[in-house]
Each structure stands twice: as structure tokens, then as C-alpha cells.
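Which chain is which? They are A, B and C, in the order written, and residues in each are numbered from 1.
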């Protein structure tokens, strides 16, 4: 099932790239990175929502499966956040000639990345009592989630170099964008699922030993 | 799972001693009763109020001497007791503190910081801490550790006074001798539950052990 | 209510007395804060514009890092001798313990700032245009640091994490509030000429009022969230 979904995700990505490089091409060339950049930002935010849900779920039920989903979501989210920041940086260099600047979207992306990294650090450095680690990470997950709207609000107060919103000029561009979005979200879901199962298997093995 | 199917009932003025080998679950049982751990199933009530759900009433009526002394190293004996009296909003705090300090013979040390006290003195302070707010129930995990013979005697008299005044004591110990001297009833925790109970007012440790071994043999 | 007040007072006074007696954290905070500011001072040029801009940032950096020292203390004391369990046993709401600890950390930060702010003013040749606003900005920042730091100190110190984990976590969570905080201080110290406020020349576009408003919102949201989560965080 997961293999099928992965293939589907890759297929959608290829579809998106094909349309994006032909009929849905944006001028100038460098802006085509939008097809990677925006979907990965949405995927990173979705992963954060999954992380929040899993954290709340763990604190409410104390079931380890929630904790595993949280760990998986954090790891996958980190990947997408890294992708977001890297593509954003490339785009900003190409478009505005700066690698980075404290503008709202860029700061939000950076904060998101840092929060994922700190979650990873918490997971690594609190080895030992699994239950305690799960609880600490769950509380952090919830508090960190409150950071994101805070950054978005403070974004109102930062000088913006992003265009206010973006819209696609032609239907082809939307046709290139939507598969990319679907592909990223699908990939995120499959990876979280895989990772959670992997953690479950590892836990089972450790219990056997 | 550490404990499975433990049913225990304490009336005012009773003292129960729970014996068992290391790892039997005595400390877990006491932590559950104190409300530090939540049971996966079942409930615990103190004077009618549920302990686990965080009711203030239940916690106010409970005093606990557990594995750690639970006193602040940087505060003096007097300050520690005053803090706990304040925390529990205990009535007639000062007189109660003085009384406890006298009975536990901590008077020469009242202005000493807890960090400089010896193990035995620290344990006496812990006992005073548990009793400063006049609880209805005292939960004690190996209270005689670190106490010399004289201090054990003092603890014994305090427990007797406590139960005489209507308090209930739940004690865990692997020192059956001390447990039986202190308490009215002794129970053995084994195989995740209380498997043997007996009134021990009139018998000694040897008799109790004999009875328990006889029971163990029969039940095999 | 009776339990709230007595519990709050008991924990608050106990922490203060213990700290005054141990004399461990406050001196380290002061020394660390002064050292950080001194290093940043040496690292900046002596032009008055540069100093006026670096000064507020240096002040917040030293408050943040010294504040983290205070946070760490608030629960490492409880971990010795198992005192946190004693607090949980008492008929005091976990939230009350949290608020008392936040109050203690606030007091320590305020005492720290009484020394460090004049030091900053001297070192960076700052001029204070508005003392009440300065106090307000500092207090809002202190509330944020204490509020978040106390919760995570309980969690992280309770879990026995070594090293800078607490600092990393608290700094990450406090990231959003630092921009308006530095901006507000810059305005108070006159580092931001009135002409620049509201333009895009700074990282913060807005007035002093909006910066303060943001900080108030941040503090309200986070202290409420931390207060609610504290009980869940420390109980088993």
C-alpha cells in the first residue's frame, strides 16, 4: 500500500515537473522553484499540525503509539522545513539578490525549522525513561505550536519583500502546482506512517530482547 | 504490571504493615496510596474523597515518609517545618512544630541546615515533616531506615500516639520485627497482591513468619 | 483560595530564602551578564550609532542568558532530596507552584536588572528617554523568560538532561518575542530616530505601542499555556 502511494507521489511530482517545465513555465526561469517551495512549506506546516495532534493525543491518553507518531511527524517535518528554507533561500537569492533577510515568511520558515530541530534535540538528549521523554516532547510540541501563530502575527510588523500573495496566471501553472502539492502531502503522510511503524517495530524488538 | 488486584482498607486508629521482599511492589503501593502514581484501574479514597483525581481534601489529610527525605537542604529544620506547615495551611503550626521537634529530639538542631544533618536526623526531620499538618493517614516507606535504636523507639511511640489519636498508618517494611512491633495488622505483598493478612497485636515476628510460611506451603 | 494563597506564599518565600542563603545563582547571573555585555561592548566599534544599536541587543542577550541560569535553578533545587514529590503531595495546585516559581524568577531577574541596566547604560553610553516604558519593556520580557523557562526547567531538569538543552528549548520558544523586545528597547534608548519608526529600515515595522502590545499578547498566551500544561508536565 505504502509502496503504491510512494510511486503515486513520485508520479505526481514528475507530472508536475513536466507541466511546470513546459506549458506551465513561469518567467523568469528561477521562479519555477515555487513548485517545490510552496508545497514543501504547506507540508512542513501540516507535519506540525500532526505533531500537535499527536502531542495532545499522547498527553490525553498516555498511549505510546501517539508518541511514535509525534516523533515521526517531527522527523518528516524537519526534512520539509529544511527543504523549505533551502528552496526559499535559493529563490530569494535569484529574485532579490539576498540569501536571507528578516522578512515575515522567511522568519517564519526559519522559526519552524528551529522548532523542529529543538524537538529532535529533546528527543535525542532525553534518553532513558521513555515515558518521561514522551511527556516532555509532547509538552514542547504543544508550546512550540503556539509559537507559529505568534511569529505570523509578528510578521505583520516586519518589512516584507515577498509579494503579498501569489496567484497563478494560467490554468497550466495551477495544473503544475496542484500535483506537486498533492505529491508532497502524500509523501509526508507515507513517510510519517513508515517512520511510526519503524519505531513500533524497534520497540517490539527491544522488548523481545 | 506491578500490582494486580490489591484491596486494602484502613480504619481510623489502625496501623497496617505491608511486608514483602525487595521488588514486591511495596513502594509502588505506597506511592499509589499517596497519590503520586495513578492506578491504571481501580480507585483510592481517603475519608471519602478520591485521592488520584487531585482533590485538595484528600491530599491535605495525608502525610508521607517515602524513600527520599523530601526536605530542602538549604533551609534549617525549623524553616523546613514552617514551609510545609504553610504549604498545607496547617492550623496551630508553631505549637505543632515545637511539639514535633521536642518529641523527635531535634531541638539541638533546630537552626541547622538540613544539608548538615546525618541520615538518621534527616529521617527524623522527614517524619516531623509528614506529621506537621496533623494528617489523618500516615504513609511510611521503610521509616526505620537510618534510625538508631533510640530513634526507632521514638518513632514507635510517635506511631502509637498517632494511632491512639485516631490516625491510620500504612507502613511498608522488610524489617518484619519492627513492623510487627509498630502495627496492629501485618500483610504480605507477594505475586502482585496482598496474599496474607493477620492481626499481630499479640504475636511476635517469629510467630508471624511461621504462620505466613504455613500459609505459603498450603497455598502451593 | 486559602490553599492557593498559603501555597503560593510558602513556595515563593521558601525559594527566595533558599536562594539568598545559597548565594549561588544571583552572583553567577550578575557575573555572566556583565561578562556578556562587556564582550559585546569590546566587539563593537565606538561610534555612537553602533553603540546605540548594539546596546539594546547586548542587554537582551545578557538578560536572556543570565535568566536561563535562574530558570535552571528553580527546579534543580526540587530535584535534590525528592522535594518535587513533596510539592505534588501537598494540597496545592500544580499551577500555583508554577506561578510561585515564575514570581521568584521574576524577582531574581528584576534584581539582576537593577545592576545590569545601569551597567549597560554606562558601557554603551545609552540615554533613556522614557523610564516607565523601559521598566515596562523589561518586565514584559522578564515575564516571557520566566514563564516559559519555569515550565521547561521543570520538564528538562526533571528528566535530568545535561548540558544546554534547557537553553536551547527556551531560546527557540522565545524567538518571536525577541524582535519586538529589542526594537522597543532601541526606541526607549533613542537608538531609533523617530523618522525611521514605521519604515522598512528595521526588522520591526511599527510603533513602540505595537511592539508592547505584541509582547503583552505573547506573555498572556504563553503564560496561560504553560500554566495549564504545568500540571500535566510534572505529574506522572
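Note that in this section a contact is a pair of C-beta atoms (placed from the backbone, for glycine too) under 8 Å apart; a residue touches a chain by one contact, two chains touch by 3 or more.
Please read all numbers here as calculations on a predicted model, not as lab measurements.
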{"item": "Overall pattern in which the protein chains touch one another (line/ring/star/complete/other)", "value": "line"}
{"item": "Centre-most chain, if every chain is reduced to its averaged C-alpha atoms", "value": "C"}
{"item": "Mean-CA-position distance for chain B and chain A (Å)", "value": "52"}
{"item": "Intercentroid distance (Cα basis), chain C paired with chain A, Å", "value": "31"}
{"item": "Chain centre separation (chain B, chain C; CA means) in Å", "value": "41"}
{"item": "Touching two or more other chains - residue numbers and ranges from chain C", "value": "none"}
{"item": "Of all residues in chain B, those that touch chain C in their complex", "value": "34-38, 56-60, 62, 64, 66-75, 79, 83-84, 86-89, 113-114, 129"}
{"item": "Residues on chain A engaged by chain C in the complex (per definition of touch)", "value": "59, 102, 107, 111, 114-115, 117-118, 121-122, 125-126, 128-129, 132-133, 135-136, 139-140, 142-144, 146-147, 150-151, 153-154, 156-159"}
{"item": "Interface residues, chain C side, partner chain A - complex", "value": "148, 151-152, 155-156, 158-163, 165, 168-169, 172-173, 175-177, 179-180, 200-206, 210-211, 214, 217-218, 221-222, 225-226, 229, 232-233"}
{"item": "Residues of chain C touching chain B in the complex", "value": "2-3, 6-7, 9-11, 13-14, 17-18, 21-22, 77, 80-83, 85-92, 235-236"}
